[in-house]
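Scrolling down, you'll hit the structures one after another.
Presented sequentially are two complexes of chain A, the first with chain B as partner and the second with chain C.
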Partner chain A sequence: MKPNRVLTLVFLLGLAIFIWWADANLDRFIWRVLNFGAIYALAAVGYTMINGVTGQFSLGPHGFMLLGGYLTTLLMLPLHQKRVVWLFTPLSWPFNQFTLPHSGFILALIAGGILAVLAAFFVGIPALRALRGDYLAIATFGFGEILYVLACNFMGLTNGPMGIKGIPQYTDLKWSMGALVILTYAAVRLKNSSYGRALRAIREDELAAESMGINVFRHKLLAFLFSAFCAGVAGGLMATLIGTITPDLFRFFMTFYLLMIIVLGGLGSISGAVVAGFIFAAIFEALRFVDTAVVPGMRMVVFAVLLILVMLFFRRGLFGREEFTWDWILRGVKRAWRWAWARTSGS
Partner chain B sequence: MGQNEWILRLQNLTMKFGGLVAVRDFSMDIAYGELVGLIGPNGAGKTTIFNMITGHYPPTSGRVVFEGRDITGLPPWQVARLGIARTFQNIRLCREMTALENVLISFHPRIKSSVFGAILPSFRYLREERKMRERGMELLAAVGLEKWANFRAGALPYGLQRRVEIARALATEPKLFLLDEPAAGMNPAEAADLMNFIRHIRETFNLTIFLIEHVMQVVMGICPRIRVIDFGVSIAEGTPEEIKSNPKVIEAYLGEEALRA
Partner chain C sequence: MATYLQQVLNGVTLGSLYALIAIGYTMVYGILRLINFAHGDVFMWAGYWVFFLVALFRLPWWIGALCAVVITALMGVTIERVAYRPLREAPRISLLITAIGVSFLLENLIIVLPWAGGRQKPYPTPALMTQIYTVGNVRIQGVTIWVPLIAAACLLGLIFLVYRTKVGRAMRAIATDIETTALMGADINRVISYTFLVGSALAAVGGILWGCRYPRLQWDLGIMPGWRAFTAAVIGGIGNIVGAMLGGFLLGLAEILIVAFLPGLSGFRDAFIFAILIFFLLFKPTGILGKPMKEKV
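Up next, the complex of A and B:
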C-alpha cells in the first residue's frame, strides 16, 4: 500500500475514534458547532462541484436543502407530534399514515437527497441547456424563491410559516461526519476522474470541450444533480439537528453562506470547501456576541469584513484550485524539521 | 468522380448575421486524403465556413454532407464524434489543465464506464483510465511533447500550445481535420516548420486536411489545391501557381492599384 493511503486510513480511524468519543463526552456547544460545520461543509462540497469545478453559476442550493429538510422531517417526525403540529390544516396523505423508526433515518436522508435530485433534474433540463453565467444564476435563484413560497403555502405538507417543531434530534457527529466523509470521497473521485476532467474542461473553455465531442449539457447536469444530492442530504441533517424547521431556515441567506464558504475555500477545491465549512461554522458562532452586544444582524457585517480581508490576502481563497494532499503536509513537516535542526545544531 | 470519393461536400452554404452576409453560396467538395487550403483576406468568411461545418453556426441555407451523411445543424459534439476535429485560430486550450489532461479530454466521449464506475472506482474504469493515459502519452510523443506532458498548458510557449491543441484534436480520432490559421502569430521559419509537421501528421494519421490560412506563402508550399474567398464569395480555385497569377486574387489581396501597376 502507498504511504499516502496509510495516512488516509490512519486519519479516518482517528476521526472515527474521535466521533465515538465526542458524541458522548464532548462539550455540547462545541459538539453542535462541529455538527453545523460538517453540514455546511457537506452542502459546500456539492455546491463547489457545480459552481467551482464546472464553473456554472448556480444560486439554488437553499432550494434543494429545503426539499431535503422537509422530506426528511416528514418521514421522521413521530405520529403523535404530527397530530400536535398540524392544528389548522390536517397533514396530507401519506405522511399522516406512517413514520419511519429511528433505524430508518438513513433512508429518510437518502430520500431527501433523491427528491432534491429529481427537482434538480426538472430545473436543470431547461436552465442548463439554455442559460449560462448571470442568467443561470437568476433562474436557479428564482427556483429557490419559488420553493420558499410553496413551503409557506402548502400548509398540508409544511405547516406553512409556523414551521414544524419537535423533530427528534437524530443527527449527531456519526451521521453528519459520516455523510461528509462519504460524499467528499465521491466528490474527490468524481473531480479526478475522466468525468471530472470533462467538467473542468467545460469551466475552462466550453466551446473547446464541445468541439472535442463532449456533451456539455449532460455533464453540466451531472454536476448539478450531484450538488443537489449533497444539498438535499445536508438539509435533512440540519432539520434533524436543530429540531425545528421553517421555510425561513432555507432562504437565500443559506446560499449566501455556502457561496462565502466555497469562495473562502477556493472555488473548485473540494478540500477547501470542507475546511472552510468548519471555519465558517466556528467563526459564525464565535461572533454571536456581536449580535447580542451591538445590533442583531451585526454579525454578518463583521463576517463580510473578515471575508474581504481574506480575499485581499488570499485572492483565490485558502486553497486556490488545489486540493489538500498528504505530500503537501509532509513537505511542510520536513521543511519545519530541517529548519529546527539547523537552528539547534548551529547554537 | 463517384459519390464515395468525397469525404466532405459543402453545398450552397450561406450564412447571414442579421443583414450581413458572411458567406454567400459557398460550394466545395473534398476527396478522401486531400490536403486543401482555403485562403482569403481578413474577414472574408473563412472561419465562418469552418463553424458551419462543425455545427457552431447552423447555416442560413445550404447543406453540409460528411461521408454521404447530411450533418447540417448537428450540434458540435455530435459532429466531433462523427470524425471531424478542429483547431482554433486563437488557441483554445484548457489553460489550467496539463498538456496530458488536455489530450485526455478528447478520449472522454468514448468512455464506457458509467459515472458510478468512475467514482467507486470499478476495475473496468481503472483499466480504461490507464489505457487513456497510455494513448495520451503516445499521442504527445507523436507530436514531440512527451517532455511537457505534466506542464500546465497555459504555461507552455505559444508554438507548443499549438501542438497540444493539434494533439488534442488528433485524440478524437478524426477522419477530417480542420486547421484554422495554424501558423497565426508565427514567424516564417516557425510557419515552415509547422507546415512540415502538418504534412507529417497527415501521413502518420491518414487524415484529410482542410486548412485555413491568411498568409498566402504558407499554404503555397503544401496545399496542391487552394480555394480563395473574398467578402464571403468564392473567387478562385486551382493549384498554387494558378492562384498566384489569378488577377482576381491579386486584386483581393493587394487592391486594384497593384493590378494596374
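Up next, the complex of A and C:
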C-alpha cells in the first residue's frame, strides 16, 4: 500500500473516532457549526464541480437545495406533526399517508438528491445545450426563483411561506460528515478520471475540447447533475438540522454563500471548497455578534465586501485550482524539519 | 371600456418604468458584456436618496429628486470604477461574481443604515402625483400621466445622446468592437464611465418615479423590478436601446393585464417573468430587435 493511502486511512479513522466522540460529547454550539460547515462544504463541492472544474456558471444550487430539503422533510416529518402543520390546506397525497421511520433517513436523503438530479436533467438539457457564460447563469438563477415561487404557492406540499415546523433533528456529524466524505471522494475520483480531464478541457476552451472529440454537452450535463445531487442531499441535511424550513431559507443568498465558499477556496479546487466551507461556517457564527451587537444585517455587508475584495485582489482563492495532497503536507513538514535542523546544528 | 383604458394606462406607466431601468442593463451589457446584477439595487437606492433628502433633510421635493438623480448616477460610476474596472482583463465570470457581491452590498447597506433600517419607510410623494383627474368616467391618477411623460422625455434625450453626440458614437463603437475603438484613440474608460453615468441616472429617474407609483421603500425593492427590466432588455434584444424600451412597454402592459384580468395567477407572476426570460434565452436569445452574435474563436 502506498504511504499516501495509509495517511488517508489514518485520517479517516481519526475523523471517525472524532465524530463518534463529538456526536455525544462536543459542545453543542461547536457541534452545530461543524454540521453547518459539513453541509456547506458538501453543497460547495458539487457547486465547484460545475462552476470551477467545468467552468459553466450556474446560479441555481439554492433551487436544488430547496427540492432536496422539502422532499426529505416530507418523507421524514412525523404524521402527527404533519396534521399540525398543514392546518389551512390539507397535505397532498401521498405524503399524508406515510412517513419513513428513522432508519429510512438515508433513503430520504438520497430521494432528495435524486429529485434534484431529475430537476437538473430537466433544466440542464435545454440550458446547457444552448447557453453558456452569463446567460446560463441567468437561466439557472431564474429556475431557482421559479422554484421559490412554486414553493410559496403550492400550499398542499410546502405549506407556503409559513413553512414547516417540527422536523425531527436527524442530522448529526455522522450524517453530515459521512455524506461529505463520500461525495468528496466521488468528486475527487470524477475530477481525476478521463471525464474530469474532459471537464477541465471544456473549462479551458470549449471549441478546442469539442474539436478534440469531447462530447461537450454530455460532460457539462454530467457535472451539472453531480452538483445537483450534492445540493439536494445538502438541502435535506440542512432541513433536518435546523428543524424548520420556509421557502426563504433556500433563496438566492444561499447560492451567494456557496459562491463565496468556492471563490474563497479557489474556483475548481475540491479541497478548497471543503476547507472554505468549514471556514465560512466558522466565520458566519463568529460574526453573529456583529449582527446582535451592532446592527442586524451587518454580517452580510461584511460578507459582500469580503467577496468583492477576494475577487479584486485574491482571485486565486486559498487553493487556486490545486488540490490538497499528502505530498504537499509531507514536503512542508520535511522543509520545516530541515530548517529546524539547520538552525539547531548551526548554532 | 373605462376599466380597459385605466388598465392600459397603468400598463404604460409600469412599462415606462421598466424601460427606464432596462436601458441601464442593455447599455452595460452592450459595452462590457456584463449583466450588472447591482443595477436593480442602484435603482432602489435612488428612492432612498429621495427619502433621505426630502423626508430627513427637508429639501423641497423637486430639488431632492434632482440631487438624488445626480448622486445615484455618481454611485453607478463609482461602482464601475472601484469594482468593475480592475477586472477589465479578467474572465467575464469574475466580473459577474463581483457584480453579485456589489448587489448584496448595496442591499444590505440599506438594512444596516440607521436612518433606513430593515423596516418599510413611507416615500415622500409630491401632491402633483397623487392628484386625481376625472375624464368622463375614467379616473386618472397624476402618476399615470406624469410617469410616462417624464420617461418619454428621458428616453428621447437618451436617443439623442446615443445617436447624435460624440460620446454616443463612442458608446456605439465600443459596443461593436472594443479593441478597435481603443486603437482609434477613444478613451475607453471615460466612455464606460459615461455609460454607467447615463444608465444609473435613468435608473434613478425610474426609482424616483417608482416611489411615486408604489410609495413604500424597502431594501429588496429593487430586486424584482430589476429582473423584470432585465427580462424586458432580453425581450427587446440585449444591447439594443430601442429594443429595451419596446421590451419594457410590452412587459409592463402584459403584467398589468394578466394581473387585472386573471387575478388567480398573480401569485405566480414572478415565476412567469422568469419563465419568459428563460424562454427567450433558450429560443430567441437575440430578442425581438437584436442582431445575432457570432461566436468568436
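Here is the rule we go by: the second predicted complex is superposed on the first by the 335 of 347 C-alpha atoms of A that agree within 3 Å, B and C clash if a C-alpha of one lies under 4 Å from a C-alpha of the other, contacts with A are read in each partner's own complex, and residues count from 1 in each chain.
In the analysis below, contacts are C-beta pairs under 8 Å (C-beta built on N, C-alpha and C of every residue); 3 or more make two chains touch, one makes a residue touch a chain.
Since we're looking at a predicted model, the values are computed, not measured.
Asker: Going by the contact rule stated at the top, is it chain B or chain C that touches a larger number of residues on chain A?
Answerer: With both complexes superposed on chain A, more residues of chain A are touched by C.
Asker: Quick one: classify A:Leu87 as touching chain B (first), chain C (second), both or neither.
Answerer: A:Leu87 sits against neither chain B nor chain C.
Asker: In the superposed arrangement, which partner chain does A:Leu190 touch: chain B (first), chain C (second), both, or neither?
Answerer: Touch status of A:Leu190: first partner only.
Asker: Let me test your reading of the model: by the given contact rule, A:Leu207 touches which partner, first (chain B), second (chain C), both or neither?
Answerer: both
Asker: What is the shared patch of chain A, the residues that chain B and chain C both contact?
Answerer: 207
Asker: State the interface residues of chain A toward chain B in the complex, per the touch definition above.
Answerer: Residues 186, 189-190, 193-195, 197-198, 200-201, 204-205, 207-216, 222, 321.
Asker: Which positions of chain C touch chain A when the two form their complex?
Answerer: 33-35, 83, 86-87, 90, 92-94, 96-98, 100-102, 104-105, 107-109, 111-112, 114, 118, 227, 230, 267-268, 270-271, 274-275, 277-278, 281-282, 285, 295, 297
Asker: For a test of understanding, state which residues of chain B touch chain A in their complex under the given definition.
Answerer: Checking each residue of chain B against chain A gives 54, 56, 75-77, 80-81, 85-86, 88, 92-97, 101, 104-109, 111, 113, 115, 118-121, 125, 128-129, 132, 168-169, 171-172.
Asker: Spell out the part of chain A that touches chain C in their complex, as residue ranges.
Answerer: Residue positions touching the partner: 55, 57, 126-127, 130-131, 133-135, 137-139, 142-143, 145-146, 149-150, 152-153, 207, 253, 256, 259, 263, 295-298, 300-301, 303-305, 307-308, 311-312, 315.
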